[in-house]
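Okay, got some structures for you below.
Two complexes follow with subunit A in common, the first pairing it with subunit B and the second with subunit C.
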Partner chain A sequence: MTQVIFVILLLLMVIAAVAAVMVRNLIKSAICLAAVSVFLTIILFLLGAPLAGLFELSVCAGLITVVFVSAISLTTPYKKEEASELAKKRLARFIQLPFILALVAIVFGVMLAFSGMNIGIPYATPSTFSTFKEVFWNMRQADILGQIIIVLAGVFAVVVLFKERDEK
Partner chain B sequence: MSFTVLAIIVAAALILITGFYCLVKSRNMIRMIIAIEIAMKAVTLLLVFAGKVSGNMDLVQTFIITMIVMEVVVAVVAAGIAVSVFRHNDSLDIDKLKKLNG
Partner chain C sequence: MPTSLQFATATIMGLPFLAILILNLVNRKTGNQLALGVGIIVAVIQMISAIICAGLLWANQKDFIDFSIFWNMTDSAFAGRLSIDFFSIVVLFCIGMVSFISFLTAKQTVGDKKLNFTNLLMVIMLGMNGIAVVTDLFSLYVFLEITGIASFVLIALFKDPEGLEGAFKYLIMSAIASAFLLISMACIFMNVGSLVYSDVAAAMLNWQAADQPLFLMAAFIFFIAGICIKAGVAPFHGWLPDAYQSAPAPVSVLLGGIVTKVAGVYAIIRITSDVFSGVATINMILMILGTISIVFGAVATLSQKDFKRILAYSSISQIGYIVLGISTGSPIGFLGAVLHFFNHATFKTTLFVNSASLEKQVGTRDINEMGGLEGKMPLTNVSTILAFLSTSGIPPLAGFWSKLLIIIAVWQAGAHFVAGTAVFASVFTLAYFLFVMRHVFYGPLKEGLEDVKETKGSLALATVLLSIVTVGFGVLFPFVLRFLQAQGML
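Let's look at the complex of A and B:
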């Protein structure tokens, strides 16, 4: 039963990713990206990583979608006549993607199935908050420092990018 | 190899290929950022799978959280660059960015 749910979730994730690439409207594309995040969150919960799933849902499905929607509304990508012309070119560019994916899935799947590799999913105790807290705060302090520096660098970059320039 | 393991590896490969294909073929800057995000989702899926296989999910969760922070900063800065480029060039098409031509 769990296997069936897993395969359905993975299938939905791949379909949402392909839709995010192939849909013409950028807003719909951003929403498809959020859908990929939501399916990934459910997979993370099922695999026993609830805190990572929480971050994924709140940040990737929530915040990044808001960032994309505001970036799209701040820019008007193409004018009407340009858009209709580009739509045809887009279709020609992206029409090969489903065929490439189907080919890769078949070849890669058959190769892996007959490769004799033996990877099993062991029954591991799921991560709890207390053990995660211990690892995160006691073992990975360099990661926390790195995250703080990255966030500060991002804030600095946004401040520089959106600075009002003096009109000469 | 169990069917679930096979499905996870193949799905991650497909999502990664989708992201890279869009990155190569797309001309719109915002769609290129979306492609980077899609590729990062595939990497997250593989990371959590590695955690499950090795049985060390706590460590992998810290890695995933670090990756999500980086993902957000990359998305925000790239979206800022796209808006800034649009203000200067009046287009998001990367073929039309010719101001830096030597």
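Let's look at the complex of A and C:
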């Protein structure tokens, strides 16, 4: 049963990663990237590493997304005609992608099947601080505050360094 | 948890936040007008909070007080502890003091950027307060980054080419330092499984017996290298003079007075005494770095013509003294380092404020273009000479006592040659500062400087307050020493 859950999670992660590359809208792309981190976080929690999961979630899914979104907000999107032209090129570029993915999966499957490597999911002994609640709200309290402040600092940096240039 | 403690800790981590909220919720024009006033109030309350915490420590006869930010979690076994001790209180007070002075300086120098300046300075305050109270290496890193990011932006506040260059240099060096710190933390976490100071210290005590001593050794080396970059200790100082020189006046005050000291020197002291105390070689390494810093800073000042750059190189030298004080590992050395931390914050801030006054009134920072300003700017003249004398350790000013304690501690530790070097470098500093004084304030009045007037308002107030602290602390210091002896801290 747990094997199935892991396979589903890994699949979702791959789908989100592919979507992050394929999606046309940059904001959606950044959100897909965050989704990759979210799935990875769930996997890390199931594997008994709440601390690593927490950092993955708050840094990769939280902070980096904020940075991406604020950077994207400074750009000007393509016009419609440009976008449709780019879309054709994009399709030509990514048409091989499913085949490459399938090939990689097959190669890895064959390697694992014949090399006798064990990928049985290792269950680490549950950590003493195993609940997300405990780790997030109590153990890492200062870091949560720190992350909020970093986001603030980033926003002010964008305001000071970039915003006024547009007005001129 | 008594109410006074709740008040003090809530102001330390929460008040700047509240100020940011208030200033950005009202409309932009009102925010711009209110900004500096709100900032000054926050800085003053922070100083009061630090004093309250000191009183609580003293009243309860404790070495440290633990607290939490959002809610009381003394029952939780894995609570991320925040802790205030004697040294953090000195640091918190210095942060409040220098921020206060920086706001006063900003009043006459930042123009219409008041709101942006205040926002970023509040973020820096939050970052530095965090550095002062956390007890976990990763949290330390998070708050170091906050302080760093806000500093880069503040240096480039006016977006002039100089400022952008200084900020960029700082950014690159800081990024390298961060990478070092992260590598170090990864190595430690692999071996220890925790990043809390006390856990790491316990593991470091018997690191030779650890599974992979090599990793712990690498962690130690990377950490020291990373944190020395942040502090601007001599071989790692490349970014410091440019950042100080190119920053706007109130930002130089802040950087020179407190930011590099909290982000660098405080972190060095904290991790040497709380984390790597089990590593025998650390004192040796710090002593070598400190001595190089002292000598290099003093010698490099010689060829400088820019007033702020002179102060920047002198900062490197003074930071060397603080590092030297810690390297002795004795209570006297530690006390000397903490006091020099405070004194350096005072006199270096005075000097940066005066450089702002000179720049504003005379229009240049080049010491060759100034001269004979003694009669024109008497207040700046007197406060500058007081600060210079305090920097070079002339009694009875505050700088004398801290340098004396540091040099006594070094002598007691058996490093007679190093102690001699430190004294000699101090004399060297004095000689050069007198040379600068003669160039700027004495001699015949330079042409075109006839209309120069004394600085007024907030800048004059800042200078006067800081000079009073320098002289007062120096004169009263023997009583402080007696008090500390009576408390058993020496």
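As a working rule, the second predicted complex is superposed on the first by the 117 of 168 C-alpha atoms of A that agree within 3 Å, B and C clash if a C-alpha of one lies under 4 Å from a C-alpha of the other, contacts with A are read in each partner's own complex, and residues count from 1 in each chain.
Heads up, the rule we're going with is that a residue touches a chain if its C-beta (ideal position, glycine included) is under 8 Å from a C-beta of that chain, and two chains touch if they have at least 3 such contacts.
Nothing here was measured: the structure is a model prediction, and the numbers come from that model.
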First (subunit B), second (subunit C), both or neither touched by A:L161: both
Partner chain(s) touched by A:V18 [first = subunit B, second = subunit C, both, neither]: first
Which of subunit B and subunit C A:L97 touches, first, second, both or neither: first
Subunit B versus subunit C as contact partner of A:F6, first or second or both or neither: first
Touching partner for A:A153 - first (subunit B), second (subunit C), both, neither: both
Touch count on subunit A, higher of subunit B and subunit C: B
Partner chain(s) touched by A:Q141 [first = subunit B, second = subunit C, both, neither]: second
Residues of subunit A that lie at the interface with subunit B and also at the interface with subunit C: 134-135, 139-140, 143, 146-147, 150, 153-154, 157, 161
Subunit A residues touching subunit C - in the complex, by the definition given at the top: 128-129, 134-135, 137-143, 145-147, 149-150, 152-154, 156-157, 159-161, 165
Subunit B-facing residues of subunit A, complex: 2-3, 6-7, 10-11, 13-14, 17-18, 20-21, 26, 29-30, 33, 36-37, 40, 43-44, 47-49, 51-52, 55-56, 59-60, 63-64, 67-68, 70-72, 74-75, 77-78, 93-94, 97, 100-101, 104-105, 108-109, 112-113, 115, 117-122, 124, 126-127, 131-132, 134-136, 139-140, 143, 146-147, 150-151, 153-154, 157-158, 161-162
Subunit A partner contacts - residues on subunit C that touch it in the complex: 13, 17, 20, 68-70, 73, 76-80, 82, 113, 116, 119-120, 123, 126-127, 130, 134, 136, 138-139, 142-143, 145-146, 149-150, 152-153, 156-157, 159
Of subunit B, residues touching subunit A in the complex: 1-11, 13-15, 17-19, 21-22, 25-26, 28, 30-31, 33-35, 37-38, 41, 44-45, 48-49, 51-53, 55, 57-66, 68-73, 75-77, 79-84, 86, 92-93
